[in-house]
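Some structures are shown below for you to check.
Next come two complexes built around chain A: one with chain B, the other with chain C.
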Partner chain A sequence: MALPLPPGLTPPEIAFLCEMELVTVIPRQRLEGLDLLGGRTPPLHPPQRANLPLWLALLLKRQRRANILPPPWLSPPALAAILELESTAHAAAPPRLPLAPPGILPISPPFLPSSTADAPRDALPYHWLELGEILLEAASDDFEDPDAVRRLMRDLREVRMANMRKGVEVFDAQGGLSMTGFGGMEVAEGRAFIGGVIDGLRKIGAARERSGDGDQDDQDNGFPSTADDYDDEMDM
Partner chain B sequence: MSYYDIDAILTDAQKVPCTFELTVPGLGFLDGNMDGDMKKDSKVELPIWLGEMLSLSEMMNTDSLVTLSIPSALGPRVFNALKADPRTVDLRALASHFYNLATRLLEMYVEDINKSEEQEMIRVLSETFKARAAVIADQANNVRGTLGEGADFLRGLDENERQLFRAAHDSAKSVRAWVAEGMKKK
Partner chain C sequence: MDIDDILAEALHVSAPQETLDLQELTRAWVAERVAPELLPYPDALMERVLTRIRRQIETVEEQTGNMDPKTNFKLIVIQTELERFKFLVRSFLRARVAKIDKYPLHVQQNSAEYLSPSESQYLTAHQNLLASHYQSSFLSQFPNSLQKLDDTQGGISMIDAPDPDTAVFCRALRDVGEINVVGTDRAFEMKRGDVRVVRWSAIREKVLAGDIELV
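Moving on to the complex of A and B:
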């Protein structure tokens, strides 16, 4: 109990990580490329679009030197289509994420251009919730219809969280829950609860293993011999 | 189960029915009989920590001093109710650490449970926990639910479930706080 924070990342930390995402800006002023730790940013020439990290784009936006172009999936029709898919899909079906282009190794979201103007419009990237909230807050005048986007984002979040909670009832035999397709903020929100459920089930199941012969129990118990390794992690 | 875990201590303080197999001189105070002896075959409710130790004495090649039986909180009536609908049972009224009590007793040797009953109990407990956890998550994310129709259900949560509710509620709250903070900065 040394750390007052629960395990995992807090929402502000996730939002900070999200600022690494590339977004497309339309500059209003010229700016030469900047040599940053993450590499050289593209030079900005006013009518041409350029991809910048979100934090730099926000900075330029606040100084009125650039406009941010919202990613395609953050438009009302695209969000409405995804919402439709989420609410009709089977509870266990994971929401879709854009795949890495074929041929290269799957790379993690900050380096995947999943939020630029040419991102796919029919899937949500890992940082969709954070990016959407940040853009709506800092650059709502760059949206065509910010209120509709805001409303759809809220609906989508509700539906996806409800789907995640439904997953608890159908825990599979491995005692795990597939979190494929859930965004960073959603994982953070579900972490304490899902971890708590698994831990509780593990305690109930552990009584059986200790009480008697464990050989035939492993199958229907749902908690194979890895339960002890898991225990060590959870106690930390 | 840690030495300093207050929930483990409280679990151990819950009572289980014990039957004495021997007459023990001077132990009558356990049964409210101040100066008398504890008679053979008398039934007393003892805390788990005491009952466990007394029932373990068969290790020393003597007859066990007491035999444990199942407390009413884990009796067949409760389990039938849980099988019918886990959501409507008030676990807290039965035992404040219901799941801990159940697992604790399953670890020990209890007279009137055999292997297949034990398997069945664990299965029902897991199903109950899962079904109730889903409702807990819904309630934790629904502010009105905690005050309105959900209040009765939430009052019946056992201590593990309360912690679960708190965890789900706190993480939802921290995300909401982050969103609200962004709005304020604007």
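Moving on to the complex of A and C:
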């Protein structure tokens, strides 16, 4: 009954989150608004565009009841511009969408409208990798040039992974490594490694601190620390 | 306050309760999956979500007999969403049970008020069963001083506890200002939208207050 997974979201769970992102569809059939558990969906009147969560858009697409409009940042020129920026700005955080201002419950991805047709074109949203892959697989006929998009996505991913690896050099156990700018899937990929290294470093640091304190005490007592002391510590 | 703030606030206020609940449940699920320790049970939220799920199931049951293709498709959409919601709730509860199973005594002693009624019933019943089983199968033959399951004497505690210094990934939802990492001289500022890897103990309070979310 208990969940057998270790802490931290797994890639399928990230994809599940990503499917809550809003995307713009062009319906081919009428559909009234439905009272869903997550709120009422807008009524669909072809050819008026509507914003729907990705899972619903995919369902409609699969039944050929709608076409999905790829978000502006997922077009070859926009991707090429972002790629250019990422490859020149070394290890700098890529441009990201600002979060919605504070409210009672601030909105955050996947509920920000960052992948609809009127989203900004010069910034990647948090779920860019997952969303791009899902759309390319399920709705490649809605892209003008799916192969170019695919190629640019792959380049972008490699450049960003390289940037992330550069960040590894500034690892330490105490503080906090800034991951601002990395997407959900990239965080999930780096989680085991980065989390493991930081926890490991912290434990080494703690052990060193403790043995350092031990030395201090020994000196205070006037007894130099000997190899026996270490043996005792090991026994405990 | 600039125009964006006003717009966003208007957007926020106009969102129906259902949508807000979905956002809150999603955030709670992610937090529970990522955090090393058990978090408070969101009573009111779960109550609302479970009532709605129950009502939606009734709607589906009532309309299943209807063979009209249009209604049929609507039902497919409704059922797909229902399954997604059920997955969220189930995964959320299972993540909690996993933590309760892993640190039963720690949860009983330190965060009993975070449990829902059925979780606390489960924990008590399960612990009693285990204790009586151990007692009858081998513990009764041990010397009295060695029979305890929650001995904290002698330098090593028998009670397993989550490591509060585990590194977690988090995102600031508001400008939270300076964060001091306890036990070190490290401090850093977190602004809205910043994602960082931090010790859980350093941001725990802010996460519970809703200023930082886990990712």
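Quick note on the criterion: the second predicted complex is superposed on the first by the 188 of 236 C-alpha atoms of A that agree within 3 Å, B and C clash if a C-alpha of one lies under 4 Å from a C-alpha of the other, contacts with A are read in each partner's own complex, and residues count from 1 in each chain.
Definition applied: a residue touches a chain if its C-beta (ideal position, glycine included) is under 8 Å from a C-beta of that chain, and two chains touch if they have at least 3 such contacts.
Bear in mind that the values here come from a model prediction, so they are computed numbers and not experimental data.
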Which superposed partner A:Leu59 touches (first chain B, second chain C, both, neither): second
Greater chain A contact set [chain C / chain B]: C
Contacts of A:Met161 with chain B and chain C, given as first, second, both or neither: first
Partner chain(s) touched by A:Glu133 [first = chain B, second = chain C, both, neither]: first
Contacts of A:Leu36 with chain B and chain C, given as first, second, both or neither: second
Touched partner set for A:Glu189, first chain B, second chain C, both or neither: first
Touching partner for A:Pro11 - first (chain B), second (chain C), both, neither: first
Chain B and chain C contact sites that coincide on chain A, given as residue numbers: 191, 195
Residues of chain A defined as touching chain C within the complex: 1-5, 7-9, 13, 16-17, 19-20, 31-32, 34, 36-40, 55-56, 59, 63, 96-108, 110-111, 174-182, 184, 187, 191, 194-195, 198-199, 202, 236
Touch list for chain C against partner chain A, complex: 4-5, 8-9, 11-13, 15-16, 18-24, 26-27, 30, 33-36, 49, 52-53, 56, 73-74, 76-78, 80-82, 84-85, 87, 91, 94-95, 97-98, 100-101, 155, 163, 165-169, 171, 173-174, 179, 181, 184, 186, 188, 192-199, 202, 210, 213, 215
Interfacial residue positions of chain B with respect to chain A in the complex: 99-100, 102-104, 106-107, 115, 118-119, 122-123, 125-126, 129-131, 133-134, 137-138, 140-141, 160, 163-164, 167-168, 170-172, 174-175, 177-179, 181-183, 185-186
In the complex with chain B, residue positions of chain A that touch it: 6, 10-12, 15, 133-134, 137-138, 161-162, 165-166, 168-169, 171, 185, 188-193, 195-197, 200-201, 203-208, 210-212, 217, 220-222
